[in-house]
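Only one structure is covered here, and it is reproduced in the block below.
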Amino acid sequence: MPILMDGERVGRTLTRIAHEIVERNRGVGDLALIGVRTRGVPIARRLAAILREITGVDVPTGALDITLYRDDLMKSAVGPQPIVRRTEIPFSIDGRHIVLVDDVLYTGRTIRAALDALIDFGRPSTIQLVVLVDRGHRELPIKADYVGKNVPTSRREVVSVRLAEVDGADEIVLGQVEGAGA
Amino acid sequence: MSDTATRLRGKDLLGIAGLTAEEITLILDTAEAMKEVSARPIKKVPALRGKTVINLFYEPSTRTRTSFEVAEKRLSADTLSIAIASSSVVKGETLIDTALNLEAMNPDIVVMRHASSGACHLLARTCQAGIVNAGDGMHEHPTQALLDAFTIRERKGRLKGLKVAITGDLLHSRVFRSNAYLLTTMGAEVWACGPPTLMPAGIARLGVRPTTRVEEAVEGADAVMMLRIQLERMQGGFFPSLREYFQVFGMTPARVRLAKPDAIIMHPGPMNRGVEIESEVADGPASVILDQVANGVAVRMAVLYLLAGGSDDETAA
Amino acid sequence: MRLLLRGARVVDPASGVDGARDILVEGGRIADVGVSIAPGEAAATAVVELGPSLVVCPGLVDMHVHLREPGHEHKETVITGAAAAVAGGFTAVACMPNTSPVNDSASVTRFILKQAAEANLARVYPIGAVSKGSEGKELAEMADMRLAGCVAFSDDGRPVATALLMRRALEYAGMLGVPVIDHCEDRTLVGEGVMHEGLHASQLGLRGIPSAAEEVAVHRDIVLAGLTGGHAHIAHLSAAGSLGAVRAAKARGIRVTCEVTPHHFTLTDERLLAPLMYDTNLKMNPPLREASDRDALLEGIRDGTVDAIVTDHAPHHADDKSVEFDRAAFGIVGLETAVSLGLDRLVHSGLIGLGRFVELYSAGPARLLGVAGGRLGVGDPADITILAPDLPVTVSAAAFRSKSRNTPFDAWTLRGGVAATIVGGKPLYVNPDVVQVGGLGRA
């Protein structure tokens, strides 16, 4: 399976994005990072660590579970419900610049759900979006502000983001949907 | 079955009996996520948008009904509550007729409280909708046991290996039965204490350790749970007087001191102060009685969420 | 018109017969029983070749049924009940007095007998009430009812209320030479109970009826039978302790007898948990008890302590059963499943032989009630049941002749059934699944 990014590349990409965030927001005052569960959370934490190195400031970081906001939640009459995990946003988002962090941007539906969820927590000044990979095929008018890598894909392909915190090592690979033809 | 469940097997929650430890853990874990929703400025998520939940209460219950209603609203379900006085049931329509009428409105979930044990099973056999038992006679009250377990786990970090003392009217209590099943399934040691006249037959075979000595039940306990003495049921002479009941079984500060220093005090409510529990205990620092109420909403949100998605059983049916 | 039943195994313990015999029926009575009977003038005799796979026995007698008429005709009538009886292999039934009005007077007794005569199916023997209105206060007119045709007295549905009333009933019924049949329960111990008190009632959160509720009353009746010399018959005995008490009393020479139902020797209270939780067709009084009780009943059936198998046939409309368990009516129908359950659970299990089976289902109850039947002697009424002991039977409640369907045995597959039922020489039920009795259908 083709490797889109190895561990080193992931690290460099995150450092670049961190710099872009600082530059665009002219510092990190009023900034907060919120990772979308599952893999957006460790990415947000890494960005926070890099931002601290760059600016010396601890940027508040939270975790958002969007399960309860999914638009496909009750669509199937059968089958298990997706597991709901805790949302942890231990700070007010009112008036802040929120940087939403996810691993892959695809149809845009996850980010739509995340935006709805965030709005229920308050009224941020702005919401910006960080993704490690943008693989295209958007179904909603959503665009990332910071992109690690643009990867043209087909719908039969899968982009797997593996992170040390969750999967033991950093790596982004491109695979095929099981059952799809070669 | 794997170590972690990702779903409940049935379309209904009729009781704790029959749930696996993995299913119980799934509900409790989901409830943790749900509890956070209640702490938000906007305490509402769209998860059950477009779903209809009917609360059918044949017994008066402010506490449980309110808790379910709040849980349903926080999940954005369309809800309506029907309270039917038991007195009107005698001359009114049968439970099955009521069920068929409700069914015609195509609800997704029916939450029912009923004075007859097994009434929810009758409803579940009649309705396509998922049925949540909100207390049936002397049988089970599964969401109460789940919220009790959630509260204990929240405070103690686990259920396995804990000693839990349950005292009071064990015979008539659905809360006792559900807690006995749940806590023993999760590996807790449950001591059941009450007058011998209020102990169900074969109680030891329910997996609990019965005793009539409250001191023995409470000694070294991690959690002490009182059950309500239903004053209206005590006319049959199960014990001589409330005064004597309190003397022998009432939870006093002296008795609580026999428990572990960090033991928690629980009561499903409503309390009879001075009968089963002294106010000093109910209002003391170890009391988690109000936490139980708050956790009730989270646990019920979890149950409704997990049932609303349907089950594998429906494909087979 | 003569009927010759040929080649079957005849089991008639009262006459000491168990073997291949032919039976000749003439004028509604048994005309001859022999190893080989010639048809005689062939034109006037219907000859039915039954063959050795069928069993001919004295007509079965169920001494404990509820026919619901008068008063509850939507549940059962004398006609439908008698039809269910013959379909179940019973040539006679004795019906309990808890109708509306209660059969506590000769006029009600005569009404029931008139309905039975119109039905012209199984013989119906009314059982009169011990007390007026079965209210447990004053004795009913037992002698008058006896003259009108009652064969025993009972306040069934309720116990004979007090020890004093039971004493006087035993004394008075003793004068009439008939038993007092008591539904034994101490109502204070029963309380609001709806199933056997034990682990399973505790699990289900249903109020329990302890075995002691029955045992206390059985002991009372035994003591009073000893005091009065009267005949106390214990209805639908269900608990091991009760059975032990009856066994011991019999050994002391006390005139006490007892009956057991097929559901009590087949099912236990565990069945209320699965496969169908809270099945109201498992609600009856006395309740299904524990496995140890069931085993004790089986032993009593084997060793002779039990005198009769009865159905306690208790028809109820679906409306009375399709409700919450604690609101549902007590009782199940039994006439059309009793033979199959008995053959399957008692005979094929090896517990008893067919001779004892016939004793329990026919000769025993006939003797207890002092009615004709229970044997196939020359000159006896030709009340005959033909059993197909190896017939595979699948119970179908929908096909019952009874008006009611409240059975827990629907769709059960059992080994053994009824081939035909002959009352007074007339074949009133012929099972189309048994080819050998086809000739009876044309007779």
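Each chain carries a letter (A, B and C) given by its place in the written order, and its residues are counted from 1.
Assume a contact is a pair of C-beta atoms (placed from the backbone, for glycine too) under 8 Å apart; a residue touches a chain by one contact, two chains touch by 3 or more.
Predicted model only: the values in this text are computed from it and were never measured.
Enquirer: Answer with line, ring, star, complete or other to describe the graph linking chains that touch.
Expert: Graph shape here is a line: each chain touches the next, no loop.
Enquirer: Which chain has its Cα centroid closest to the overall Cα centroid?
Expert: Per-chain C-alpha centroids compared to the overall one single out B.
Enquirer: Approximately how many whole Å separate the CA-defined centres of chain A and chain C?
Expert: Going by mean C-alpha positions, chain A sits 76 Å from chain C.
Enquirer: At what distance in angstrom does the C-alpha mean of chain C lie from that of chain B?
Expert: Result: the chain centres lie 45 Å from each other.
Enquirer: Using Cα averages as centroids, what's the distance between chain A and chain B in whole Å?
Expert: 39
Enquirer: Using the touch definition from the top, which residues of chain A touch two or more other chains?
Expert: In chain A, nothing touches at least two other chains.
Enquirer: Report the residues of chain A in contact with chain B in the complex, numbered from low to high.
Expert: Interface residues on chain A, with respect to chain B: 65, 67-69, 73-74, 76-81, 83-88, 116-117, 120-122.
Enquirer: Show which residues of chain B lie in contact with chain C when the two form their complex.
Expert: 17, 94-96, 114, 116-119, 121-122, 136-140, 174, 177, 200-203, 205-206, 236
Enquirer: Hey, which residues of chain B end up touching chain A in the complex?
Expert: It comes out as residues 6-7, 26, 29-30, 32-34, 36-37, 40-42, 44-51, 75, 302, 305-306, 308-312, 314-315.
Enquirer: For chain C, which residues are in contact with chain B within the complex?
Expert: 191, 197-208, 210, 277-278, 319, 322-327
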